[in-house]
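As written, the chain order gives the labels A, B, C, D, E, F and G, with residue 1 at the start of each chain.
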Amino acid sequence: MSAVRGKVPQWKVDAVEEIKRLFREYPVVGIAGFRGVPSSQFQSVRRDLRDEVAIRVVKNTLLKLALESLGGDYKKLEDYIEDQVAVVASKLNPFKLFKKLENTKTPSPLKPNQVSPVDVVVEAGPTNFPPGPILGEIQAAGIPAAIEKGKIVVKNTVTVVRAGEVVKPEVARALNLLEVKPIKIGLDTKALMENGIVFTPADLAIDEAQVFEDFIEAARKALNLAVNSAYVTEETAEILIQKAFLDAKNLAINAAVFEKEVMPDILAKAYSEMLAVANLLSDEALDEDLKE
Amino acid sequence: MEYVYAALLLHAAGKEITEENVKAVLEAAGIEVNEARVKALVAALEGVDIEEAVSKAAFAAPAVAAAPAA
Amino acid sequence: MEYVYAALLLHAAGKEITEENVKAVLEAAGIEVNEARVKALVAALEGVDIEEAVSKAAFAAPAVAAAPAA
Amino acid sequence: MEYVYAALLLHAAGKEITEENVKAVLEAAGIEVNEARVKALVAALEGVDIEEAVSKAAFAAPAVAAAPAA
Amino acid sequence: MEYVYAALLLHAAGKEITEENVKAVLEAAGIEVNEARVKALVAALEGVDIEEAVSKAAFAAPAVAAAPAA
Amino acid sequence: MEYVYAALLLHAAGKEITEENVKAVLEAAGIEVNEARVKALVAALEGVDIEEAVSKAAFAAPAVAAAPAA
Amino acid sequence: MEYVYAALLLHAAGKEITEENVKAVLEAAGIEVNEARVKALVAALEGVDIEEAVSKAAFAAPAVAAAPAA
């Protein structure tokens, strides 16, 4: 047990101890940001994941204290403490945990005065609004809107905010009206740790489609290698037989080796050649049977 | 393919494809005839329905024709 | 078709496709030769790259076949 | 692709593809194993049907061959 | 097709395709050898680039098969 | 492909594909035989219907592809 | 195909494909190794340019493959 000075309030001591307990109890722990997550969404995420992921909101200073106190590899996580963070702890492997946390993200509108992480584009097209004061509010955001056929219409596609720019309140309001939800809000994984190994989102994002393609490529390479080196296995036996047969058939036909099995092919080939030449000739040069 | 052309020529002319006939045609074309190949040809053609084999090549024509015409 | 086969035969044998040669081949096959057709054939084949036509035949021939059929 | 080959090896052998098994195979091949990659692979396999990938590879082979024919 | 397989076997083994060699292979397989067929085979393959002939598809048949499919 | 050609040669000749027979054919072609490859060949061909495999190759490529998938 | 995967794994790892190495990999995967198959594999791969063999489509039968393409 760590020594605690008498002046520290008991709730802080308890909070630090709780974090330390979680970190010791679960094999996979980590830090996730939750800035901008409405408390209702946060509560439902916590509820939905309750059986698989322990989530605790903690003050950054206390989390730092806990990590210091735990020491060792845990101190590596200090680099990821920023903004508003929560501690996550789970028995799921880091990849599954990451996926669960990513799945908590839902499309959301931008808030006034926040820095937009993305370019926000408003597409040209009709809105659901009838003519009215809303037109002014949309125009105030720099969106070229007008009335057409009894509806407010965005006339040109425009980029209203660029990544890294502050979202002006009037722009946030217009985007809200148009139901543009350009960002995903939820638990934002900063880092996860298992057995002292720190995984960042770059390590954790798995493209399953790519993995599937990799497996196809690997399997294809194996098949190619086996067949091209004539390594006979149950899987390649049939292919190799067919290859050998086709080799023989090609050779027999191309070299006009008169084997009964390929005679029809050889005849058809000769006939095709005759037709190919006949097609280049004028009518007078052709027999009656080729003219029709 | 000379030997095959000779056989098909005889067939088209309604003649029997015998070793003798094939040889005669080949020689008329100035070809030095290999007896073994003539024998092999005639033997391999025994029981083969030339009309049918040939019609397969012709058959493919209309269907395939459309695409490669381009 | 006999006439074309005769031409192919001569071509395969590396012989020139002349009226005389074509006639010789056809006659060897016991065919009564139509002189005008032989002339037309030889004239028509002048400038034709038989090698190329034949090499395309394996695949493209069926397409070609459609033409005379039309 | 080593990690994928290791997984295919285990799959073909009817063994479970666990982190431990993949590691053992890679190490036997003298490969210095990256733990995070092993974990990533095993995790990814939950959504990947290896059997399907293998059968697709087998199908794709002839398709590849078709290309030069065109 | 035994004779053709024998030729392919010799080719793959880097041996010359001679009557003698073809016969030896066929006899080892317990086949009663037909001399004329051997001669015909060797004659047909004379001057043929086997590598090329083997890999060059030469079927009129598949074209036929394609027709109904189209 | 020597080993596979040898197997098909025996098959075409109506002979059984045994280690002994395969070896005899390969040796007749002047090939230094690798016993393990012969064993692997014979073992793998057990349970393969060569006739069927060959007839599939003659017609349908998709069928061909299907096999290795299994 | 376990044996082939083992070979590819070794190749990818920059190791030589020897009987010993193949065996080690297979055993690490918990496979009961068949010595003859290992020998056959190593023999088949001797002198093979793996990089090339791996990327060359397994099927050299364009004609056949072409048919179903239609």
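Assume a contact is a pair of C-beta atoms (placed from the backbone, for glycine too) under 8 Å apart; a residue touches a chain by one contact, two chains touch by 3 or more.
Keep in mind it's a predicted model, so treat the numbers as computed, not measured.
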From chain E, the most remote chain by mean C-alpha position: A
Far-end chain from chain B, centres as C-alpha averages: A
Which of A-D and A-B has more C-beta pairs touching across its chains: A-D
Whole-Å gap separating chain B and chain E, where each centre is the average of the chain's CA atoms: 19
Separation of chain D from chain E, taking each centre as the mean of its C-alpha atoms, in whole Å: 39
Whole-Å gap between the CA centroids of chain B and chain D: 52
Residues of chain G engaged with two or more neighbouring chains: 1, 5, 8, 37, 40, 44, 57-70
Numbers and ranges of chain A residues touching at least 2 other chains: 218-219, 221-224, 227, 230-233, 235, 239, 242-250, 256, 258-259, 264-265, 268-275, 287, 289
List of chain A residues in touch with chain D within their complex: 93-96, 194-195, 197, 199, 203-204, 206, 208, 211-212, 214-224, 227, 239
Interfacial residue positions of chain D with respect to chain G in the complex: 1-2, 5-6, 8-10, 12-13, 15, 21, 24-31, 61-66, 68-70
Of chain B, residues touching chain E in the complex: 34, 36-37, 39-41, 56-57, 59-64, 66
Interfacial residue positions of chain G with respect to chain A in the complex: 1, 3-5, 7-8, 37, 40-41, 44-45, 48, 50, 52-61, 63-64
Complex interface listing, chain A residues touching chain B: 256, 258-260, 263-275, 287, 289
